[in-house]
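The two complexes that follow have subunit A in common; it is paired with subunit B in the first and with subunit C in the second.
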Partner chain A sequence: MINVILTLLAPIIGGFVYGIERIVKARMQKRVGPPLLQPFYDFFKLMDKRPLMIHSLHALMGIMYFIAEWFALAVLLLGNDLLIAVFFHVIAVLALVIGASSVRSPYSVLGALRELMHMISYEPLMVLMVVALFLVVGSFDIRDVLAYEGYPILRLPLVFIAFLLTIPMMLQKSPFDIAEAHQEIIGGPEIEYSGPFYEALYTGKWIEYIYVFTFVFLFGGSHYWLGVLLVILAFLFINLLDNASARLDFRAMVKFAWGFLIPMAALNVILLALWQ
Partner chain B sequence: MGTLVALNIIIPWIAALIIFFLKKDIITNVLTFLMLPILIITAYFAYIQPHPSLIETPKWLDLLVSIYDFGLLSYFFYQGIIRKNTLISILATIQIIFLIIVLLMMPHSQTPNIYVDDITVMFYLIVAIIGVPIAIFATKYMDYSEKGKHSFVAIVVWFLGVMNFAVSVNNIEWFFALFETTTLASYIMIGFRGDREAINNSNLALWMNQIGGIAILIALMIFIKYNGVYHFTELLKHPEFVSMAALGFLSLSALVKGAQMPFHKWLLGAMVAPTPVSAILHSATMVKIAPYLILRIAPVIKGTLLAKLLIITTGYVFVVAAVIALTQDNFKKILAYSTISLLGLMMLAAAVGTPIAVTASLILIIFHAFAKGFLFVEAGVLEKVFHVKYINQMRRLIERAPLTLMFIFFGFLNMTFVPFGTFIGKWMMIEEVSNFLQHGSYILLIIYVGAGSAFLSILYMKVLGISVRKAHGIEKINWVKLPKTFNFVSVWYYVWLLAITVFIAPFIVDFVVPIAKSIAGKPEIYATGLTLHMYDSTLYFWQILGALIILSLIHILPYFVKFKADVVHPYNCGEKFPRHMETWNFECLAKYEGYFVAFSIALFVMVVVLGGGLL
Partner chain C sequence: MGFFSKFRKKSPWILHYNTGGCNGCDIEILSALAPRYDIERFGMLNRGNPKQADILLVTGPVTKNCKDVLRRLYLEMAEPKVVVAMGACAHGGGIFRDFYHVENGVNNIIPVDVWIPGCAPRVEALIDGMVEAIEIWQQKSKEKEYLRDHENIIKTLGVEDDD
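Presenting the complex of A and B:
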């Protein structure tokens, strides 16, 4: 039941998560920060704006990104196969990239290409993570993972750390906010969207929060308190990292993912496979 | 059954002869078109007949094949001399010598020479449904300022007959003859335009494929010497006694035919030929012999060191070919690299050899054939109607060639995305291999599959991104009227792909699973309604349909949706925007190509030496 509610209300809950994030980040910088409902105020303001677009394809892809993101979340929470959910996420990336590269704007196109670099950094790792969970739990079914008696985190510490460091790549946080890079390419794929169409993209990002943190939650197995604890810790860690680090080059990101994170996760999986 | 098999093989040969000798436009067009229903019907009747069945052939056919072999090899030798390419002549000479040795050694055998089982019939259907439309496409394509239309179409049709023959033989010596015949056909077709580049590339294809021929002959000698058999069915009967060295050489020939690195250059060279050649080589024929051969020997090599080395080699090619594809700027070359890459995946799945892996391999073969045939046909349309060959010429394709771009978009979606067949193949592979992880280490394979599919996705997204780019307001969509033949072939593939994808669960369970069962035992795959189950995992129909709708909206809707919003120029921070933009060419990766190839040579040697147990 809770998964149906979570799926249906994902944009709203995601909005709250984003609101909390802005407050947390502000407090880390000794600021007061915006009110909790600020993302929703933004939402209504954006909806009220005069709709402007470059062309229909671009605007449509923004909306498709939102739909695909939401559908990927539905597949994750309502379906039963984690691996399929990982591959569904690629459809959202497709919409985002096609939209962003459909306008003749250097910032947008550069953002789209960098988005692809993000994908080759985190996609294999997501697959590896799901396989690692399978190795512990013995099933790809999300319900089986959530009913698992043991503590997956204890057997997959390296995979968890690797995933924790991958989250900034998925959620566009520093040091891996390379595709968005506000000070450099002004939001990348987002730059040419405005008004209601930007709103679709903006809300799509909120859903991505739920999508990513659901995977973090899975590391708690059937001990939901642990899952919640991990989510909170991961959330704080990501924001701390975001505040404390400067942006890296995309080459550094790909090298880091391929040279460090994937081997680390693979090592964990190999050791676990040999141990069992 | 015998008659049906004969019909499947002989009809294309006869049609090719008629087309070749009459050289009349109307006959070429009508006959090629008629091949579609005729071959589908004969293939279908072969499919519903009880099989597997062994078919006796008359004695004189044996003799004929041997004579034909010598004729063919002499022709290669002769070609080497007139083209002043000693390598070709030397390889042909070696083959002639080896063939004589094989024929002298060959004991008498009672086993029939034709063996028709589920894989064979599947290939009949693939050739009929996917191969023939390419011949139809060629009839129109060659009208665009190309010479020698009739002989070209005749060769394409003949090739289909050769392919049908090659997948039905049981005698490995016959298989060698047909293997070399496909080499001959590709040699003629690649060199068809007769210019310098075409000649060079056809020479390349000839000598590389002859290495595959030599490998088969060596395998044959070892089989006869140590096992005294030279039929596929006999090998499968006694898996424990079969010589590993011979299987190693047989796999080597598959790797060469499947254009795996470092033998990938011949398939890339094929792009100088008219586009239907690439379409036919990549989709229904030629390269598909490679996974076919591995599937044939899969029950014997399953779990051996040879299989593991094959997995490492082909998996490596799967990733590296996708990486190199990123650096290319020629559309046909990009498609060729992605074929090399996916062939690696097919052979990898076949080499794993468990029931589900074999199912995955078959699914990949079928869907790759559809999608690649489709994409190459569209590449041909782009080349002839819109004069586009390089991806940087693909700018604004959305306005100039809307229909073609839509088809290309759909073809690309078929190559990686949920819920299409290629995705299902990969999904099955990952889940299947995850099961072995519990008793061993196939971790490399999972990284291969995850990474390779990510690289292929970004490759396709990069190409699509270029073709939809427009400064502002996509308004003047120019619905160019394309020739009816082109539209027929495109829509044919499109509808088949769409229909199979919607009904993918029953398709896999009712069509693919029985084939896999006959090779490797029953896979644990079943369907309830349109939902697919594998072990405990489920691909629900709502997921298939949802993904299909979202992807359809992404690739069709842009032409029809017009939002009621004001159109503006890109904001671009108020800066002037450039007149045109390039895309990353991934130059930084190109310099590693040499290392990639060098490493693949090492893997190749390992497959034969260690896998074959030569040490």
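Presenting the complex of A and C:
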């Protein structure tokens, strides 16, 4: 029941998460920050703008991103294969990339290419993480993971650390906010969207928060308190990292992901497989 | 004036463009974003993207190179939108008035709604001007807005039947 509610209300809950994040970020910078409902005010304001679009495919792909993102979350939460949820997330990101590379704005195309670099960096890790969970739990089903008696985090510490460091890549946070790069390419893939169409991207991002933090929650197994604790710790860590670091080059990101994170996660998986 | 118009005043997004001023005004804008004044309290964000911005905050006397960029930024913004001219040189040139390379102020290129006086204006004046701009913004509708001498521009370009 709770997963159905969470799926249906995902944009609203994600909006609250984003609101909390903006406040936390502001407090970390010694500012007061916007009110908690600020993302929803932005949402309503964007509804009221004149709709402008470049061409219909571009706008459609923006809306596709939102729908596919929501669908990936639904697949994840409504008790299906974790691997399939990962692949539906790929479809969401691909919609974004296709939309962004279909316009002539150089920033948009550059953002799309960098978004692909993001995907190259984090998707293998997602798959590795799901495989690692499979080795521990013995099933790809989210219900079995959530019913697992032991502590997955204790058997997969390196995978967890690797995933923690990939979250900035997925949520576009410093030091890996390369595709979005607000000071440099001004939002990357989202630059050409405006008004109601930008809204789809803005809300899709909120859903992505829920999607990512659900994976963090899975590391608690059937101990939900541990899952919640991990989610809160991950949230604070991501924001701290976001505030404390500057943006890296995309080469540095890919190198870091393939040279450090993936070997680390793979080592954990190999040790686990040998042990059993 | 629909249901959503009430929420406009809660989230004005700013596009800041310097058209060749001395940078004094821009420093003031940056200090408005910093912890001391923190205009994100009012939901204001500096977006840097005309397609998603609501308030165009212009500083500087509009040099000849910047003229077309400024016009384009204005046209790319989605209505409803407001233009705020900040600083003496945006109001007719300031210390750059009648130089060979300037257009003497923002109003010669795009229609301005709010003027913020001073060289450089204090941050309090900037916030005051923003509040004023939001009030004007709330009265505006989603209709297309045109440049000052729209008919003349259309005629010189020869595109009367092009919507």
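By definition in this document, the second predicted complex is superposed on the first by the 275 of 276 C-alpha atoms of A that agree within 3 Å, B and C clash if a C-alpha of one lies under 4 Å from a C-alpha of the other, contacts with A are read in each partner's own complex, and residues count from 1 in each chain.
Note that a residue touches a chain if its C-beta (ideal position, glycine included) is under 8 Å from a C-beta of that chain, and two chains touch if they have at least 3 such contacts.
Treat the numbers as computed from the prediction; the structure is a model and nothing was measured.
Trainee: Thinking of the overlay built on chain A, is A:Y41 touched by subunit B (first), by subunit C (second), by both, or by neither?
Mentor: Once the two structures are laid over each other on A, A:Y41 reaches subunit C alone.
Trainee: Could you say whether A:L52 touches subunit B, subunit C, both of them, or neither, answering first, second, both or neither?
Mentor: Both partners.
Trainee: Once the shared chain is lined up, is A:E184 touching subunit B (first), subunit C (second), both, or neither of them?
Mentor: Touch status of A:E184: no partner.
Trainee: If you stack the two complexes on chain A, which partner ends up touching A:E192: first (subunit B), second (subunit C), both, or neither?
Mentor: both
Trainee: Touch check for A:S108: first (subunit B), second (subunit C), both, or neither?
Mentor: First partner only.
Trainee: Which partner does A:G33 contact after superposing on A: first (subunit B), second (subunit C), both, neither?
Mentor: Second partner only.
Trainee: Going by the touch definition up top, name the partner, subunit B or subunit C, that contacts more of subunit A.
Mentor: The larger set of subunit A residues in touch belongs to B.
Trainee: Which subunit A residues are contacted by subunit C in one complex and by subunit B in the other?
Mentor: Common interface on subunit A, subunit B vs subunit C: 50-52, 186, 191-192, 194-195.
Trainee: Give every residue of subunit B touching subunit A within the complex, in rising order.
Mentor: 398, 416-418, 423, 427, 430-431, 434, 437-438, 440-441, 443, 446-447, 449-451, 453-455, 457-458, 461-462, 464-466, 468-475, 536-540, 543, 546-547, 550-551, 553-554, 557-558, 561-573, 577-578, 580-581, 583-584, 588
Trainee: Touching subunit B in the complex: which residues of subunit A?
Mentor: 50-57, 59-61, 64, 67-68, 71, 74-75, 79-81, 83-84, 87-88, 90-91, 93-95, 97-98, 100-109, 112-113, 116-117, 119-120, 123-128, 131, 134-135, 139-141, 144, 186, 191-192, 194-195, 197, 251, 262, 266, 269-270, 273-274, 276
Trainee: Subunit A touches which residues of subunit C in the complex?
Mentor: 2, 4-8, 10-11, 13, 34-35, 38, 40-43, 48-49, 51-52, 54, 78-80, 142, 144
Trainee: What residues on subunit A touch subunit C, complex-wise?
Mentor: Within the complex, subunit A contacts subunit C at residues 22, 26, 29-35, 38, 41-42, 44-52, 182-183, 186-187, 191-195, 198.
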